[in-house]
């Protein structure tokens, strides 16, 4: 009775990272994958549509719509920037719902995945704590609800290691009883790159799929399993030590290639290896001695709180017309 | 959208208090109500069996089995005493399960009612956090589970005010998916007497029934609703200001009756009133000015943590034969 | 080694309450005590100046300036009201400093009294956590500090029960090393009335004086002891069970006096007793059985956080000209 | 007003790591440095005595006594192992005090450095919260203190970024007022190696010296500054991304050297570089893009709590004869 099953919620890769890796192999134009990006001084918003199974296979992600909001300065605790990110999140999320056919009255169930007692895994529960919940007013006093709101419920179901029950089964039970029109699942992710940690928000309409390995019999939070559309919101909050090493080597190679053509002399075979090969090599060294830990930045406590507030504020504004999308912060504490 | 629906989990009266009140009217022998008490220096354990509907009506509680463990010194932060209470809890709880027909392999689902962010209401979630969860081992690697354990799962479903969904519906959904043989529901209670707060633990096989009033359409955590037996574990953690006043007046009357026969001169009509009448009078004064608050002792943070540990330790020992009932504390952190 | 010395920081009475009690004996005009009050729908601000030793004796408080801000609806979690209270606090606090001769450059040391792990006693530490600290910029890079700021430092020194050192001695040591021009001490208070708990803020220039009893040899946070002016900011967060009982009896008498002249028949001798006599009687009953607990409202977690934010925001705006007093909330998280 | 001064408490290198690096250059016998190590299955205890300035310069640490307890499995949440580490800590710490001339009555002041709100930096404040404090009993009722105890006080002074005052000045003020015979300062450290994070405890009698850079004018917690001996207890809780990369490269080189003689073909010039050169190269790449973050393992919340308990238990047993060194855990919660 000693294996660790608690890391359920930290596993998904970012579609953007998957795409970047694939582009290295395919060049920029991958068939069945359409990407557009908008950038200003502080934020880069990338929309990706994977329309075919082939495109999905090329990128290594499921077909669907993905939005990625990258804010490199998000770790600087600039509360004005945070407000603008929440506003932008709301402005992207509302049309995202409409595009996949979810109207303004559609009932939402927000699921905060993760473990409240593990700071980098507490994003989901923290969003649930801060989001505005309205469903009970519609149930108990429907005639007194002001216009401009929709029924929203929110649950943090815990993780397998602390509940003993598959999270997807708990959510399935709640969906069957409370009958939402769609589910929004918030999750902390693992990233390939330290710089993405706590600076990137991903929205996807593909649901959440458990990783392989121990959990390979495990059910995901998907439309197939739950019977309603599942929108996943993910933020990378941890990174494997091995990926820090590997992506740094990558940066070193790039760095020196700009300065000299003799990188093979500096890096030997490391220079000519495929990135995946090199990652394998790094893991081969770190895994047996237990050094391939998941790590998170030192200031994770503040980061998680800030991003949970951004997402909660953004969801409040996107889900309720009565909440002003230009002043999202006023409605969340 | 302003009414407060969050207090769901603080409402139940203690059976012992109900019985005491009834005894005033009926004398000690209430038909259909059987009581026995065991007392030592530190603890008093009272077992009550209400066997008939009439008995239930007389006491104002549902027919069923009740155990109350009273430990007046429990607020003194004596860790040795806490260990003995946990041990005693385990020794009472294990046979309680057998008496109502739940064998050693019966699968338990522990439900921690209440709101993690309201300290006196956080008992349930804290027990869930500290209890040993084993169900996933039975599901994922049944052949590797040591003998002497049973499948135990544990969920803190939140409160209506923060989820927007009736707690009983969430639990019903989880029961249908995870199929436990019985449910243990932990809840913070309101008491009639300040001295019971954080010093008393009640075990009952009657489930948990929502109060009247706003919630009168609300479903309880009962065998009828969930389809499996529901054992409620409750600890009073709050008390209404009005009941502090009323029970103090009661004590004052008692105090002076021992000293003088002229309590009517001292207390006027207060002396001759029925207790309920007087409580009404107190409420009549406090309610309109908003003073009839639920209050809790100043040191509630430490009390709640201590009692949650006691109950979690006690449950671990009672539910798993492999855990030594004489050394319960070793298995909980 | 079992006595409880940890309650150091919860003891002070409100000057307003002391004055109210005194007025009962003296009538409204107490010599040497000048009071003026301003009231709108949500707030009542009372300024009291006790100018003579006799006035102080009459009221039972030290001579000095007192401001009390009463906000009966402050427990309703109305964030707009909270912002207005913070603004009002700033508007009262800034001229208060000037009146006692503390200019805009005067260096402030904010001391957050109380125990972080006891929610109703955590007000001081929470304010320290949320207030803007600037002293180190003035020390380390004085030429880079923008105009409109003053040096502010902030420390939460802990309580005697957890440090083993008199809080006043710790503060004295810090004052000698860091040389502020004045000290602001934030403290949680005990109130005579449940309705004042978490709804009232008191500002006084008389420092903080330890209670009598065990602590009678203990030194206060006073100008005499520290060598610089000490402004105390206090919020009642707890109330003794006995005072709840007593003030309710008071309200009951008042209530029935409006309805009948025969209160002596209803309340007997309780009717004709002096309030203090009756309180003694209540304590006589509660103390021996350990029921005279300090209690706090059930929702204390949220209240404490809200009021700590109000005071931190208000202090930021009052202490720094560069912070807009009309938009105080923007500078605190 | 934007520079970050808050990282005061995470900076010290481990003496053991410094020695390992030096041994690479000097061979095992460094003059003026005496080392002895004891190892069992779970723990390795290394005692180092740097007796000369030359030895100190060779190792890069100040002359003094160092004890390092390494417990590779400490992150596995084995509560039995934790108890044994606490016991061992006590058994090492008590003679350490005597060796430097501190008798059984010598008064201790425990200083918990670091920031309570930054999990990997909260070790010091957490130890202070859990340690047994006795000084006030000696001050207030000296005749009632049982034999076998000494006066112990404990303060968590905060960090410069949240107080605005140099931590060393706060401590100096407290030392002057409370007059301890020695200071024990607990601090979270940065490590060169991810595997040391949360698995290693270092004890040193050299005090705590602030790093270079911004803080170069800053005063340390040293006997010279405080006037009494200062014993530092440190645990590495964070690691720079650059050191993860560098030490992994080191491991990779070592790994492949065991397999092939042609590491220069695999690693190019990386193979022949000095370790420090290579680290510079890694930093050169990471620093400009802001990727050289301090990181901490994902499960830091649990680790910090466990180690704080170990150190608090160990200190209680080492400081008070009345506490059984073989059963240290019983005295800490």
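Per-chain residue numbering starts at 1, and chain names A, B, C and D are given in the order in which the chains are listed.
The rule is simple: a residue touches a chain if its C-beta (ideal position, glycine included) is under 8 Å from a C-beta of that chain, and two chains touch if they have at least 3 such contacts.
Please read these numbers as outputs of a predicted model, since none were measured by experiment.
J.: Between chain B and chain A, is it the same set of residue numbers doing the touching on each side, over half shared, or a different set?
T.: Comparing the two copies, chain A and chain B contact each other through largely the same residue numbers, since over half are shared.
J.: Specify the chain most distant from chain D by Cα centroid.
T.: B
J.: How many Å are there between the centre of chain A and the centre of chain D, using C-alpha atoms for each centre?
T.: Using C-alpha averages as centres, the distance is 36 Å.
J.: Taking each chain's centre as the mean position of its Cα atoms, how many Å separate chain A from chain C?
T.: 45
J.: At what distance in angstrom does the C-alpha mean of chain D lie from that of chain C?
T.: Taking the average C-alpha coordinate of chain C and of chain D, the gap between them is 40 Å.
J.: Multi-chain contacts in chain C: which residues touch at least two other chains?
T.: Residues 117 of chain C each touch two or more of the other chains.
J.: Give every residue of chain A touching chain B within the complex, in rising order.
T.: 1, 3, 5, 116-117, 128-129, 133-137, 139-141, 144-146, 149, 151-158, 160-166, 169-170, 172-178, 214, 217
J.: Touching residues of chain B toward chain C in the complex: what are they?
T.: Residues 10, 72, 117-121, 194-195, 238-239, 241-242, 244-245, 248-249, 251-252, 255, 263-271, 281-282, 284-286, 289-291, 293-302.
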